[in-house]
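Below, each structure is written out as structure tokens.
Presented sequentially are two complexes of chain A, the first with chain B as partner and the second with chain C.
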Partner chain A sequence: MNTNTHDRQGGGGGGSFLSRLGGLDRRWIFLAMGLSIAVPILLKLRFPEVPGPMARATFDAIESIPEGSRVLLAFDYDPASAGELQPMANAMVHHCAARGHRIVFMALWPLGKQMADATIKDVLLEFHPQYAYGTDYVQLGYKAGNEAVVKLMATDIPQQYSTDAAGAALASLPLVADVKSTTDFKLVASISAGYPGAKEWVQYANSANPEAFKLVSGSTGVQVSQLLPYYPAQMEGLLVAVKGAAEYEMLVTAAYPSADKPDLLAERLGQGRVRMGPQLVAHLLMIGLIILGNIAMVAGRSRGGAR
Partner chain B sequence: MNARNTNDDAGQPDGCPPAARATTPAASSTTPAASAATPAASSTTPARPSLRFLWLSLAVLGASLTVFGTAMAAQDAGGTAAAQATVALSKSIGIWCAALMTIGILTFLYKDNPFYKVCESILIGVSAAYWMVNGFWSTLVPNLFGKLMPSVVREYAIPSLPVSDTPGFDMALAFVPLALGLMLLWRLAPKGGWISVWPLAFIIGTTAGIRLVASIEADLLAQASATIRPLVVMKESVLAPAAGGGSAATAEMAATAVRTVDFWGTVGAVTGVVGVLSVLSYFFFSLEHKGAVGKSARLGVWFLMITFGSAFGLTVMGRITLLAQRLEFLFKDWLGIG
Partner chain C sequence: MLQRTVPIAILGLSGVILMLAYFSPLTTSWGETVLEWFNILAAVAFVLGAGNLLAVNLEKISSRRPGWAYAAITLLSFFLMLGFGLLKVGAVPNPQHPGVHLAGNYETADSPFGWIYEYVFSPLTATMFAMLAFYVASAAFRAFRAKNTESILLLGTAFVILLAQTAAGMFLTGWIPEDSAFAFLRLDWMKVAITEHIQTAGMRAITIGIALGVVATSLRLILGIDKSYLSKG
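Take a look at the complex of A and B:
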């Protein structure tokens, strides 16, 4: 944004345009970016998503375990990352429930329990009302301790979680009464916004028992660079930011539609795709601005060099 | 923003907000004298836009509260039940607070202003208080006080606190973190600050020990193992199953399955191995980066740049999603549009 004085002295025509571009107040760019996101939201722009290999691998991992398997879903995020992660959490819970898997919820982040509660209310009990607490799903809640929680769960879950989130003893809940460690689950999924999260599940749970269960993850865009090396050897599936959520939503809703509440399912499991509309327009704007900015810079340099 | 404003005040018309622009001529007319007598002049000049923003913020707040009050009055007049009205009021207050805070933070994009400062301070204060309370109730109460005086904690704080088989041993053991915690707080005392170094050493030692093993297993050995793989990737090409299926068709299909080279898989495998080796050579400083090592290191730089670009792109995607979610909230939950 440092305005070059020689830019403003440029001649007319294209030179004048580039000069003005070089001195453009960045608030116009903020406004353009805001509009590029707001307008697609208001117009409800949606574009078809083609599921990529990582979203498909996540889908296949949940499909590949026997129906009715016990799965552990860790909600390792809070409202700050819900924009990216809630869509994939919703889709994953619906997918697991549609396959008849029995779900144990937990959280490494303090507000993860509330995020899981919202998913249970909006998705699990809305589309799968037959799910009963204690036998089909259990909410363990949040435990402080970061990676120490994961490390202890890999060896002794009852010591880490003696009760569920409501204070009921694990022994009184049929789904988790006989659970000893993470090896008693067929699949572990971490919806992760950072530390502690998916990386710690790889390091402390998967490394301890690499063959005992499948590990999949959904991650924010900021964090996913750290997780990509783990795919596919140490992590069978990985949902990359809202793009991965949208692709996964496509797969899940195509395979498991709702007969009695199709519109509600499309809304609850369509948030990722809704947010991909603004993504496309905003990215096009960014690419255009980067190209224009570089042209303006090169033009400014050449004029400066000529003088 | 300050640099931006400085440029604006210096006479750049594009970025100059109306308020600042209005003050510019006066400022410029007094420039020589003002620059000599600077402190007082420079401290009074920016006060005008700040006051304008304060009044603007108060006006926005007032208008919002008026609209909110009107909406609630209309709702009450609609004859809703008292209990329902209470629930709606609570939710409405939450939505309005969230909406005003969101707008307040976004106003920083235009210019630093008191409305933004208020929202920022509230965010920091609430976050600090939240983490303090969270640490107290999720760590200190169950893990320390629950061991030292379990019956008291069970009576007044956590009724579901598990009953230990060895309460005496647990209590004795809990004195260790209690002592370490008190030693850690000793740094606040005027004398004996060195005492806090011992629990710090304990924390660093245990954390390093826990993470070292995990890093070696998951990040070094497993990653090296994942890198050592066939450079030419093969895939099974099978015919589509015949209509009607059946064991005979399956057997026939298995018989006609062929192994072919997976072109893109092979490209990926080769790229992965070349990328790892070239980036490692860039960070290998025992040899001068000349000749083959230099070329490999330069290739490694390219891989690193592509990685950073990819990470930047993913970060941008995440940030756009956050803004999209906030705008969705403002449009849908607050304004009822869409």
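Take a look at the complex of A and C:
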């Protein structure tokens, strides 16, 4: 590993421990971060989560539409963000299926389809085996075009998607045979890692027909500041990062437990809560490191002043 | 002359049609046609992207520039996945058309394409993203210093959000009743106050500024004033 001279030397030369702390070799920081993530995972540490208003709003939005409604779930992310977003996607699909909603999957990201396929396999077909392709769910797959895809879907879905991901004509699939635009859905959800994603769904689909359907989103932590201005007026629910997923998982699993596979459901829909353990310890480590860095700075200044 | 006039005319016409389509239902279908063209072009852009990838990496390999071996690995991986995908190597037969090889599913982990995606590509991309945690921790230790009032405010905000985003927030301040006069000391209350008021207000200002910039730039492009997207000549 490449370490510069500053890393190896103390910030204050042969000074006190505190002033030398500023020059701490970054490999110790990496080791501490690695341990703070690995230990909670290995020990399966779980901490209680209290569902916040945003998670409740998302849950309520899906609850509020009539049972058996047609919903559109856009998987606008790829494996890089799966650790943060897959738990909320899993919980949302289970929630929709438990309510009997008929689900249309699509993706604005090239690998979003694979993300949706994983959720269909691990959650939808595992806990809701009665769901039949074509009548209860459809996979439209990925389309290139970013916001243009969203804008066209707001007015003419058959022009955008003439077939599903496997090449079957939409007209042959009962669930989407009569779909004309996004107004034919009761709810649209975008699980989003960035551009194109939730913001584009607000700007190009929701703004065209604000009363036609409810819009909810699950977002990575880094892009949530861009989405907050749209919540709750244009976006009824917003799940923020792993914490949002953990809170939403709690609401969904409490309301819709699995009678025949409780342990498997706890595992598949417990990933958000499992990941909150490492997040807690890593955040505490970050705070500790920032405090240590500032102590070292003050100690260094004091030594400088003394000289 | 034609190389510059035609793109400017296409851009101007497309921009005007899309604006009209937003305001007038009579021109909605025109807007849809333009968007369909755009989506087709976006798909074609993948081919251009592949061409660019080839040109850049082949040049790097032929001139033996530093890191040329990585360029070779990139191209090897590219052609491997392209071949597996296009030829559907090892695809799982389609139950409806078992005799038609190209109707098979190549995206499951049982085929080479799906296997590489599942067990090579996914873990690698997730690893790259996860490594951010290590660099952020190191950067926070070295750079996050309370040197002045602004940085102290930033530090305080960071501490509140970092704690409130975990169970620590409830553990430390969850005992303060939500309806008491001291509820503002709860970390979850502070987090909501920061995100919904301070952060959202700032973000709205930025968003409006960006939107005005986009409008100005779009008008310059549509009217043919800004030609920077054309080739250098």
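Just so we're on the same page, the second predicted complex is superposed on the first by the 292 of 307 C-alpha atoms of A that agree within 3 Å, B and C clash if a C-alpha of one lies under 4 Å from a C-alpha of the other, contacts with A are read in each partner's own complex, and residues count from 1 in each chain.
Rule of thumb we're sticking to: a contact is a pair of C-beta atoms (placed from the backbone, for glycine too) under 8 Å apart; a residue touches a chain by one contact, two chains touch by 3 or more.
Small disclaimer: the values here were computed from a predicted structure and weren't measured.
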**Report entry** Combined model on chain A: chain C and chain B, fit or clash
**Finding:** clash
Requested in this report: Examine A:S225 and indicate which partner it touches, taking first as chain B and second as chain C; both and neither are also allowed.
Outcome: both
Query raised in the report: Touch check for A:L125: first (chain B), second (chain C), both, or neither?
Result: neither
Query raised in the report: Is A:M286 in contact with chain B, with chain C, with both, or with neither (first, second, both, neither)?
Result: both
Report task. Pick one for A:G83: touches chain B only (first), chain C only (second), both, or neither. Result -> both
Query raised in the report: Of the two partner chains, chain B (first) and chain C (second), which one does A:A266 touch, if any: first, second, both, or neither?
Result: neither
Query raised in the report: Touching A:A144 in the superposition: chain B (first), chain C (second), both, neither?
Result: both
Requested in this report: Report for A:F30: first if it touches chain B alone, second if chain C alone, otherwise both or neither.
Outcome: both
Report task. Go through the superposed model and pick first if A:P48 touches only chain B, second if only chain C, both, or neither. Result -> second
Query raised in the report: Which holds for A:A168: it touches chain B only (first), chain C only (second), both, or neither?
Result: first
**Report entry** chain C clash site on chain B (candidates 134-142, 152-160, 170-178 or 242-250)
**Finding:** 134-142
Report summary line: Residues on chain A touched by both chain B and chain C 24, 26, 30, 33-34, 37, 80, 82-83, 143-145, 148, 151, 221, 224-225, 229, 241, 243, 279, 282-283, 286
Report task. Report the residues of chain C in contact with chain A in the complex, numbered from low to high. Result -> 28, 31-32, 35-36, 38-39, 42-43, 45-46, 107, 117, 121-123, 125-126, 128-130, 133-134, 136-138, 140-142, 144-147, 155, 158-159, 162-163, 165-168, 170-171, 174, 188, 192, 195-196, 199-200, 203-204, 207
**Report entry** chain C contact footprint on chain A (complex, rising order)
**Finding:** 22, 24, 26, 29-30, 32-34, 37, 47-50, 52-53, 78-83, 114, 117, 143-146, 148-149, 151-152, 155-156, 159-160, 221, 224-226, 228-229, 241, 243, 276, 279-280, 282-287, 289-290, 292-294, 297
Requested in this report: Going by the contact rule at the top, pick out the chain B residues touching chain A in the complex.
Outcome: 3-4, 7, 12, 14-15, 109-110, 134-135, 138-139, 143, 158-160, 162, 210-211, 214-215, 217-219, 222-223, 225-226, 307, 310-311, 314-318, 320-328, 331, 337-338
Query raised in the report: In their complex, what parts of chain A are in touch with chain B?
Result: 1-3, 20, 23-27, 30, 33-34, 37-38, 41-42, 44, 80, 82-84, 110, 142-145, 147-148, 151, 162-163, 166-169, 202-204, 206-207, 210, 220-222, 224-225, 229-230, 233-234, 240-243, 274-275, 278-279, 282-283, 286
